[in-house]
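Please read through the structure below; I'll follow up with questions.
Think of it as A, B and C in the order they're written, each chain with its own count starting at 1.
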Amino acid sequence: MKRRISPTLIALALAVFLFFVGGLIQPGFTSFELAMNILRLAAFLGIVAAGQTLVIISGGEGIDLSVGAMVTLGAIISYGLISKRDDRILIGLLASLGAGMIIGTFNGIGVAYLRIPPLVMTLGMATVIQGLIFAVTQGSLEGGSAPLLSKITTEPLLFGIPGILYIWAAFAGLMWLLLQRTRYGKNLFAIGTNRVTARLSGVNVNATVITTYMLCSTLASFGGFIFLGYYERVFLNLGNPYTLPSIAAVVMGGTVLSGGVGSYWGTMAGSIVLTLITSLLTTLRMEEHLRQIVYGAILLVLLAAYGRQRALRQ
Amino acid sequence: MKAALNSGLLRRLGRQYFLFSLLLLILGVIINASLQQNFFKPIALVGLLRTYLPLVLLAAGQTVVIIGGGIDLSVGAIVSMVNVILVTRMGADATQSQVLTALAFGILAGTLAGALNGACIAFLRFQPLVTTFATTSIFAGIAVWILPRPGGSVPDFFMQPYRSAPLGVTFPLWVILGVALIWWYLRSTRFGRYLYAAGGDAYAAYMSAVPVEWIKFFSYVISGLMAALSGVLLTMSIGTGSALIGLDMTMPSIVSVVLGGTALSGGAGGVIGTILGVFILAIIRNIISFANVPSWWQTLVNGLVVMLILAGPGLWALIRGRREA
Amino acid sequence: MNKVSLSAQHLVKHYGGVVALADGNLEVNAGEVMTLVGANGSGKSTLGKIVTGVVAPDGGRLLLNDREVVFRSPQAARALGIVAVYQELSLVPRMTIAENIWLGHERQGAGAILRDTEMRKKTQELLALFEGTTHNHLDPDLPVASLSPGEKQIVEILKALSWQPSILFLDEATASLDSRQVNRLFELIHEWKRQGMAIVFISHRLDEIYRIADRVTVLRNGRTVAIAPINELSQPELINLMIEGGIAARTNGKQPGPTQTEEILRVDALSTTTLRGVSFVLRRGELVGLGGLQGQGQTELLLALFGAIPYTGRIFLHGQPITLHRPQEAMRHQIAYVPGERNTAGLLPIQSILDNLLLPSWKQYGFPLRIRQAQEDATRVTNVLKLVMAGLDAPVNTLSGGNAQKVVLGKWLLRRPKILLLDDPTKGVDVGTKSEFYKILSELRAEGTSILFYSTDDEELLGLCDRVLVLHDGKITADLSGERLVHSELVAASMGSSA
């Protein structure tokens, strides 16, 4: 059995390399402030991609293309409910998490019980969420972020490190606990590896699938809440640009698209690398469309490294 | 004698995979006609055909890929790419030869895009979903690169055929007839047979000397070509360019295929069903706009209706399974 | 048809470090039936695959009509008239019989349009060869998915025939055919011989071999140990050639019948899509075998008792009626199921041995999971099983077949099952592991576990079980015990004769 070098380590090494390349191109790139800023953005992507990690590990062609729309919905709900008041942050948070749970449960039921392929289910759900946003807001967004929320997420909290990074670190610990030290985590890897074996070993496959999609949408919605803290404003399709990167980060972190293998550490490293690449391309004054092309190309290269399927001839 | 013929025809129809779609379409037409007084007037029907013709071609190409066991998320981006190539290379006062070169460029670009997808998926064995997701980003990026801001125009003589009606039959109907005929031919050749075999059971097909990799490759090339033609028709229809114009067509193209009775698992279905599927989608949208649904609610209602139809077979199986168990 | 001859000489094939074929020899001439026999793992399927171009050999040579040939693919072999019928079906379920038969060599007409009418007619001619032996009339336009396993096998044979082979390989082609269909196939083989076809016939069924073969090639541990005319070898001689050490090793698990008669499980008129009213009783500490030809409903019976497939009929545990809708419910009643298809139903191949062993039991380890406790429990089980492994964290697919099967059993030992359902658990397992396996079973019985044991290996059933229930076509045709628990009775009942 050949031992593979951990994809997490490769991604981390790549991140360090890119960081110094950035420093060579533009001296200010390696400054503490800029590094913190990159990590801050990476934390946001990392939280959105956490749910995607779970869905992809669950196998069965699992993928969630509705995370972008869900981020938007989460941000808009928080925006509307918080309305610039610190004392309403908690209500905003709970409401957006609740919305994520409901949407995700529908995704899960569609995939598990109605046997709709995850791709179609979540793509369709993205339209429904978008429709919900249009219907509820009627195009006019009223509300606002709260000063405290922005303070927690963006401003330095301790040792000059922004609060969101502490949140991310705690979140990473929880993800590890979830994947490695709970029955749900063990069942998740089991259904991703072989659903027949899992079922015949007493795993409730459908319940595990539904839980997974529910968690994914909930985490995406939480991502929307964080987004509000960063940017303090919302618009009708703010989450759309995050669907593709959320998948790319997971794949870069070594989580296998066919399911059953993966870790959140890898996704975190993947998020950092992708954010670094975006920052570098911005530093190089590359325009949005070129970034998009480079992004797609990087994803193809990643597929070449991790995403190959089995050959017909053995 | 006539009765026997009739029942034979009915039985053959009953075996078709698109029977459910046909019934759904008829139901939709009835509802629509009751809401819209002039629905059966030529002007309304021709308008509908003109609006949805580009989607018919796009979904037809998608059908070929899906039957072959894959999926193509990049078709919408290819439409955008072809659209912006056409308007930037033409302009309002282009000569005939300039228009032809532009067309050649556009169609070639779409086909090459399909070939890129096909090569990655068939020969390098990348996962279809994420591969075409990644190439969507590339093609859409190229489209923005070519035409950052919506605009541009095409000569009138380029748009004219779209509104014509040769031999008294409207242009879109000719195109749809052509697509159906080409599909019928393709089905009757080895390529068609191998497409179903490769999508139905790739290993069994490989064991039977079917060149599975090449079949998959060409299914994506066809999809790219059809997306390019769809882009050409769209440009003829609207006469201007936008790098985002096709992106919203990808999801409807997949939904049309599913509504037309083609299973996403591959190896079954066909383009005739997909054509019906596009019109089911068209009728749903038409009904929603004529049922006085407020405009801010239309996306939601449309999305929910489509999801409900997609969930239909699974829901039915679930209910039936419960009763049997 | 020209006279053909094929000769394989000293073929060698390694898979990684494992020698699958050390010295494989085979020859067949026009107008004869050569059979290839050998125990599991003797290399006969590897030999067959090399000769038909599926697998490339590492050494040795192939002579076709005395000229050396090299096949790069099954197509290359097929082009030279060597066509195989494999047991792994190569049919596309959603396509029709005619489409499947002509797949890969369709007749084309003008404009590359396929001549469907002509192919359908030819298909009808081919199907006529088996006319009257199938339950339903086979129409060329029927989708293959709607056929029974036997009918699929017939289509597979006809598909091979449509290539007009000069040398035909039949690899376990009779496994899913019923006796009428086998008879028809043998009539056809006689006809094909007369026409000058060379046929290689691979089968586990000795009676069939003696009925159809002209000569026999015996493989043992990857080597051809004999090539002889069939009438020069008696059945016992042939069996002795196939197995070293004889049958003795298999019977060491045999114990006296159960000392207690307490009824644990009673099954009353159990039916599924395959089973047609099965009733029996299982007592405490009893080891009851399920026999019969493959695919007669044995696996379905075990799956139904594990709550994995829907059923009708009644099941009683300790006299109380129970219903089993899901495996979790069966597990709550301490019923365990060990599937024989390790890789598709028993294991999580890429996950660790620990995760495989504990998958059904995580519930007992709280939150967060007490991993150390889990490791201790898993270690205890691996000691009982004498599992040879690099460590609990090693992926389970690094284990040998026998050790992997021990893991499938081991994950249920942690839960102390009252009823153990075994679905052909020793398939493809080496002799040493088998006897360890038998020892574990007898220990479990001593502790009072009742075992329902399906095996495709008749000797194993006879040597191990207190009773054997023989299934045929979804029904129990015999309940053999005591003096009636002998091979002849088992075979007779397997063929459906309820003596």
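Just so we're on the same page, a contact is a pair of C-beta atoms (placed from the backbone, for glycine too) under 8 Å apart; a residue touches a chain by one contact, two chains touch by 3 or more.
Keep in mind that this is a model prediction, so the values were computed, not measured.
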item: Most distant chain from chain A, judged by the mean position of its C-alpha atoms; value: C
item: Chain pair whose interface holds the most contacting C-beta pairs; value: A-B
item: Gap in Å, rounded to a whole number, between the CA centres of chain C and chain B; value: 45
item: Where chain A and chain B are represented by their mean Cα positions, the distance between them in whole Å; value: 31
item: For chain B, residues contacting two or more additional chains; value: 203
item: Two or more partner chains touched - positions in chain C; value: none
item: Interfacial residue positions of chain C with respect to chain B in the complex; value: 74-75, 78, 86, 89-95, 99-100, 103-106, 108, 111-114, 116, 159, 310, 325
item: Complex contacts: residues of chain B adjacent to chain A; value: 71, 120, 124-127, 129-131, 133-138, 140-145, 148, 202-203, 206, 212-213, 251, 254-255, 258, 264, 296-304, 306-307, 310-311, 314-315, 317-318
item: Complex interface listing, chain B residues touching chain C; value: 185, 188-190, 193, 196-197, 200-201, 203-205, 207-210, 267-268, 324-325
item: Chain A-facing residues of chain C, complex; value: 306, 308, 326-328, 331, 337, 339, 344-351, 355, 358-360, 362-363, 365, 367-369, 371, 395, 398, 411
item: List of chain A residues in touch with chain B within their complex; value: 61, 63, 110, 113-117, 119-121, 123-125, 127-128, 130-132, 134-135, 137-139, 244, 247, 251, 257-258, 288-293, 295-297, 299-300, 303-304, 307-313
